[in-house]
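Presented below are the structures under discussion, each in the form of structure tokens.
You will see two complexes here that share chain A, one where it goes with chain B and one where it goes with chain C.
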Partner chain A sequence: MTDHITIDQTPALPPEKPRLTAGSWVRQNLFSSVRSGILTVIFGVFSFFAFKVLVNTMFENPDRDWLAVKTNLRLYAAFAYPITQFVRVWVALGLVLALLGLSLGIWRSASAVAARTIASRLIASGLTVLAGTLLVGPPVLRDEAGEPVYDETFEALRGTWRSGLEQRTGWFLLAFALVAAGVALWFGLGSRRNTLTVPTTLVVWIASGVVIGSTWVVRYGHYGLDPEGVPVGDPDSLVAMSTRMPWTVMWLLVAVAYQLGRFVSRWNSSRLLITAAWFLAPFIAFWVILRDPAIDYGHVWSTDLPMFLGFGVLGGLLLFLLADPKIGELGRFIAFLLVVVAALTFVSGFYGWFSMLQKARISFCLLALFALMANNFAGDRQTRLRFAGAWVLLIGIAHYFITLMNSPSTLELRADSFLGGFLFTMFAALFGLMFSFPLGVLLALARTSTLPIFRLLATWFIEFVRGVPFITVLFFFDIMLPLFLPAGMEAPDMAATVLGLVLFSSAYLAENVRGGLQSVRRGQYEAADAIGLTGAQRTSLIVLPQALRVSIPPLVGQAITTYKETSLFAIIGVFDFLRVANYVVPNQSTPVNFIGHKLEGLIFVSFVYWLGSITMSKYSQNLESKMGVGER
Partner chain B sequence: MTDTSVADTDRLSGNKDMIVCEGVNKWFGDFQALKGVTATIKEQEVVVVLGPSGSGKSTWIRCINRLEAHQGGTIIVDGVELSNDLRNIEKIRSEVGMVFQQFNLFPHLTVRDNVTLAPIWVRKRPRAEAEQLAMDLLERVGIPEQADKYPGQLSGGQQQRVAIARSLAMEPRVMLFDEPTSALDPEMIKEVLDVMKDLARGGMTMMVVTHEMGFAREVADRIIFMESGEIVESGTPEHFFTNPTEERTKLFLSQIL
Partner chain C sequence: MRKYYLLRLLAVLLGFTLIASACGDDEGSDEGAAEQSDDSSSDSGDSEDVVEATQDGSLLATIQARGELNCGVSGTAVAFSETQSDGSQVGFDADYCRAVAAAILGDAEAVNFVALSAADRFTAVQTGEVDLLMRNTTWTQSRDSEIGMDFGPTTYFDGQQFMGRGADGFSNASDIENLDGLTVCTNSGTTTEKNVADAADAAGVSVTLGGPFEDFNQVMDAFQDGTCDVVTTDGSGLVGQKANNEPNDWVIFPATPISKEPLGPTYGQNDSQFADVVNWTVYATIIADEYGVTSANVDDAVADPASAEIGRLLGGEGELQSGMGLAADAFYQVIKQVGNYDEIYARNLNPVGLERAGSANAGWLDGGLIYAPPAR
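Up next is the complex of A and B:
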């Protein structure tokens, strides 16, 4: 009798939300009353015409020439970076993407998209493309030279709708592919479309895979055309053809890094290591893109290596002793002494009392910092050894990079004149944000500190920076900073202005973090005190995690603002992404005349900026729900 | 004022002094919250502090681990005097556990991490050892199965028990309770009081500010009654509930019993 009794082992799912049929959805949301019906019709008609005007302006206008964008994709990507050295850009990009993949794998996001949503989005976007293709007017007639033909009233002469539809086969195919994929997903899954979810990370990865994969099939653009309109170089030198392989490698790299990240996430230290790697990344990227260091090995053996050994071994020994839990007051005194020594090395350098390598000064600063932290890492022998080991590792990496940076480059190129485009925008935004976040947190802590001197300095700094337009800060760093630097040291415009960006956005971030700090209740401080945490432990373990969680939305808002503010670099002469569209391409007369073609580039640039911003904003929404902001 | 220094029971007579308060004063602006509070608490003694609201009971025990700074008199905990010297404050805080009315658990950490935080960061214990200790303590307060949940997912009574476990993880010599059951729903008060009774039986030195008369009567070695920042009367529960000497005590008891 029991054979037809099946026991459902799966946990009970929450009851499904009742879904409206399409008809009743329209009735309830669009035409629920006479007034809402009228508003729906008015704004529906308005949206229709707005869309129609937009696509017609963008695509079928005698003044539009999308060749301006297609031909100059490389300028948009990296401005005038030498073609022969492009592999450096790919290596730097690969580094960042690998770190991204690792981070995504380590901090796995639980967010997922319902299959139903994916299917309906695919169908909707397919229908939008179809509508746009149909709504664009007939193509403009052109003579043999490619110039539009006008009648006597200067109306552009147009071909027939039929010829237009024939020319737009590609767009029809795209629309069809999107709708077909959506419909296939919808009906292929049947009733499972309501329950099946796909991780967001996977969706984004597959979508970018489709775009990258399409470069193997579709010809998106070319490096340039000679005056006859023939692609420069051999006929296969299409952009898609020279970038499709690197992009495919990048795409696979992200997936490999993601899996690796998932694997290493079981170790606690992986989070710390990946964070450290992120902070090293800008220097590596800088070195990869702009440097080909000719290392002087004589100097390495005579100075660099002994110095590393000295700081590594003696410093490690000192820190091992300082991390002894029984050392007590003596430890604090030695740490304080080291801070004085570190400060003295800079002061003496400034007045020229005695000369010392910059590397030694930086090492003293780091050593003082570690000595101050030693108490927090005190423990048994193994813990202390690990602390000393971390020091040796850090000082090794620091010395290595300082040596690389100090070595003359065999690439005889000045960064300012040839680096630009999206490459610069991306790196400036990414690394600017990366450094302004910790600085912003420090400023917020200083402003809420009980020590009046910190409070005063932080308040003055924040209020001053917030009271000044960003352009002023840029001009200041562009023009004034070189005057403050010691003789013989020069900061490239770019480094100077990224520094300005870091300081500027850190002031705003600080105010956002301060809001979060104020939301942490008094009781949390008291509980931390009552269990005996030190002030630094209280801040880093109890207060900051809660404060940052609350400030995610404003912090991401500020991150998006900073990302877009990099476009202001154009004003001080950096050829950033926007300036390429606004200035470089519209002034191009050879090999093809693109003079005056500004709008195409601006539309393209806005689209790319939008893509970055929407990604950040969606990610922050996920982060918020993951961390449970607003629910305690 | 009656004698506040003598606990009558035999079991405490040979014990050393754990907390000594001498003429402790505390002002909030012009308002004097504590007026020369003098009392001695012996090791293993359980003292319940009673009094109407605003009488300074909470202020007093918050002074003992320096959540509030006292402005006159001396407080000596386990032979260490509380002063502005950070070292003494750190030392005393690591000897004195505190349980709050609002629990004050760390909402971003799991129950287990709440309990292991102090052993790992203050006592510098290896993580595995601290986690073992945490599980033992959670066992002791009766909620080992909640170790991986977040405080927000627990009931008030469970949260307060976690808070007690968190304080015990420091292996304190004194436990201070600041109205531990006042924020709880009635049906959860008992589970917290049971844990506190266990602690008292285990020989922990405890100072408890509470309104739970049943607890005071059953567990306390001594009851201290405060009003307007002063100690009015101090004695055994028997003495306090059946035969109070001061008028103000009688008035208070007539209002609550």
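Up next is the complex of A and C:
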């Protein structure tokens, strides 16, 4: 019998923090000395007045008309996307949310919120609502038409405080409900409130469920205004135009996707597949769902399919042969030849010697790239078949999307781009982040590489892009790029400018990652070499994980910046989220005059931007604590 | 073994040569051109027809074949083209888009509005993205000649005016002479600023220019806190600002603006058939206004025309519309579905306080500049 040695695998619990009573907490943290007491009082008074000014700016203010935001929610969401096709917006959003749910299920986050925290947050938010309700000034008197009544000095007349408090029953009820829920949770759990934790994902899901569920009871936004300016919830509008049903479906979809993600997480390839799906998703959502291309099937059968078969079969065969370990110098020669051919297809097109489909040119370029990589995949029959298979898959996807891009959209054009509002912001941010991250990492590796040509090119690129303001990059890709492309090739505005965003933010990301790379000590490289790892293994298994861990804070900072920078697209004519608030809504004079009601829209827009940013920021904080950044 | 490999490789490479030549031969140069128009028009299904049609004929035939007019508007101009909460467009410019669609297609709703920024508007016409601009665009010499645009009849005569406080003694009858010694504010470095200086010089008064101001919101802030006595910009913009800050005692003067900002339809140059259609659609609304024909009484006017001219215009005997490539009742449809000039003006511009009477936009019989050549 062999002895079984059991090792206690349970991790040591973190040291317990002392639980203080409220009084001693206040004494220790807020009034620990005279100076801190003075600061607390000054800051407390300041926050009180700041809060009071804020609520009074937003509510019961004759200058504010929240109807401007309420009735224009559709413009904020998708600008002028055609009404009859609006269901496409929901399908696109559903695709993104389903992937989000799947990813959350696969990469199950360990982060959890203590029940105690949830209870205290509920009580705190209830008290905030209560304070806000009490601090808002007395109600503005309005005439029958709902317009404020003014005295001769143009000051709005106000009712009594008492009447105001009587009118705000709904807010009092909300505050009471929040406090009651918090108190019930606090005392209902008893001493278990300190030990019981709830996964963050579940908390967020339940909280959004409460908000979405409330849309069945409260009407937050109205679909439109009748000619007299009275808000109407359009009785015969499409389901897609309402909010509660689609949002409920989205909410359930996330839950289903999460469970599915948990189920498939046991398969090894699920992570790879979901990553690939994320990269394909924006293309599918943009070119298939939202753009609804009219594909010419005659052209598909006569040209597209034969081309795919030709490149797929012959290319696969060629790559299979090139990946043969015995091929030697001949392989390099053929790869070089293919590079020359790929270059010639562009050159000949540029000078008009020999015209050819753009798709063929791109395919030749991709083939040359694969041929150059072939000797890295040299091996047994299985490996070579996989390599050839990857080529067929890639060329299939590439040809599919090129066909989609070349097919005209069946949608009517409503602006420079049919994307607008938050839909545009979401897409530009998704595209921008997903493609600039890998590119940024590659650039950082190239810049720290020992190969001078890579190092120089990456350094030049990064320094050049960082030396130019983002607006200039946008103008360049919007106006100048078409001049640089070969004859017969044009990029749609939207694609060109998002490409600009990708390149711009990748340069900044590259520098963040490089900072991380420099923090990895020399010994780590040497240790990797000592155990016989190849260069690629050393980078991907030893160096990058440590470098990326260190650079989480600046990387997330850059992600948030990229998300907010999408608003700059307004200057090249896109009706993005911010532009709707800034120019479209404040210029509506019929059926209700919203002229000049800019602040409401800007507050709403900043709140939505803040929601997105705080989510990313919180996620990075969790990631940091999970990875132990700053502790090890 | 090695030789065997070479043979196989050669066969595959030969295959590629075949593909390459097939791609070139089959599709030829015209496919390349189609690819180009496809790529550029990835947002619009119609551009391919546009490209073809502008080569062999007028835009008019293209629009008729397409069944829809692509009309470029601002989407953010108070009372001229406002984007509504359901994505539709209302306003003076939007109604003129509808009028042109009613004339060409017989249906005022067959318009696809495209919201354009100021920077993109002319490019959109040149690339065929829109057929027509109704985007409060001032008709200037350089735009007419250098940029390659043609301009239709002016539908709205805008111009630079001043706005002051009634409490400071300003009234609608005030004039530039009343500005002596006061601070006038407007966007810095613009032609508006230069116009003020020129007008003050001409009137022999001295005004101080406030500022510098980056945009007009800052100007309005300075006006409200009293730093500026008077603000100035285009009249239609002032009216918007006045409506924005209700209630107030602000007045806009003088009745005759100090600069000329004629706004009207804009289209690509050298397409006279399309230009004629757009121009005469505008003229038809003006002539109908002259004769008092409105959307309400146009059916009576067809049955019993007040004059031979209005009879011809509405598609009666001797009508001239068929010769222009339009239906005989094209302008009847315009008046019936959209209205005459006065109706379009009253519907869109009166609510924001722009009155027609006494302004340059009154009819020529009332001392204004709105005038149409005779329909005969």
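Keep in mind that, in the parts below, the second predicted complex is superposed on the first by the 483 of 632 C-alpha atoms of A that agree within 3 Å, B and C clash if a C-alpha of one lies under 4 Å from a C-alpha of the other, contacts with A are read in each partner's own complex, and residues count from 1 in each chain.
What we mean here is this: contacts are C-beta pairs under 8 Å (C-beta built on N, C-alpha and C of every residue); 3 or more make two chains touch, one makes a residue touch a chain.
Note that the structure is predicted; figures quoted are calculated from it, not measured.
Shared-chain residue A:Leu20: touches no atom of chain B or chain C. Using the contact criterion defined above for the overlaid structures, shared-chain residue A:Ala180 touches neither chain B nor chain C, since it reaches no partner. Ranking chain B and chain C by residues of chain A touched puts C first. By the touch criterion defined above, A:Tyr150 lies against chain C but remains apart from chain B after alignment on the C-alpha atoms of chain A. Applying the stated contact rule after C-alpha superposition, one finds that A:Ala527 touches chain B and leaves chain C untouched.
With both structures placed on the common chain, the touch criterion links A:Gly379 to chain B but leaves chain C unconnected. According to the touch criterion, chain A has no shared surface contacted by chain B in one complex and chain C in the other.
Remark: chain B residues 65-67, 87, 90, 93-94, 96-98, 100, 102, 104-108, 117-118, 121-122, 124, 126, 152, 163, 166-167, 169-170 touch chain A in the complex.
Interface residues of chain A, counted against chain B in their complex, comprise 325, 329, 376, 378-380, 383, 521, 523-524, 526-534, 537, 541-542, 545-546, 549, 631-632.
Per the touch definition, chain A reaches chain C in the complex via residues 71-75, 79-83, 150, 154, 223-225, 291, 294, 303, 307, 310-311, 314, 317-318, 321, 324, 326-327, 330, 334, 341, 345, 349, 354-358, 360, 364, 405-418, 487-492, 494-495, 572-573, 575, 583-584, 587-590, 593, 595-596. If you check the complex, the residues on chain C that touch chain A are 1-2, 5-6, 8-9, 12-13, 15-16, 19-20, 22-24, 26-29, 31-33, 35-36, 38-48, 68, 70, 75-79, 82-87, 90, 112-117, 119-120, 124, 129, 240-241, 243-245, 247-248, 351-352.
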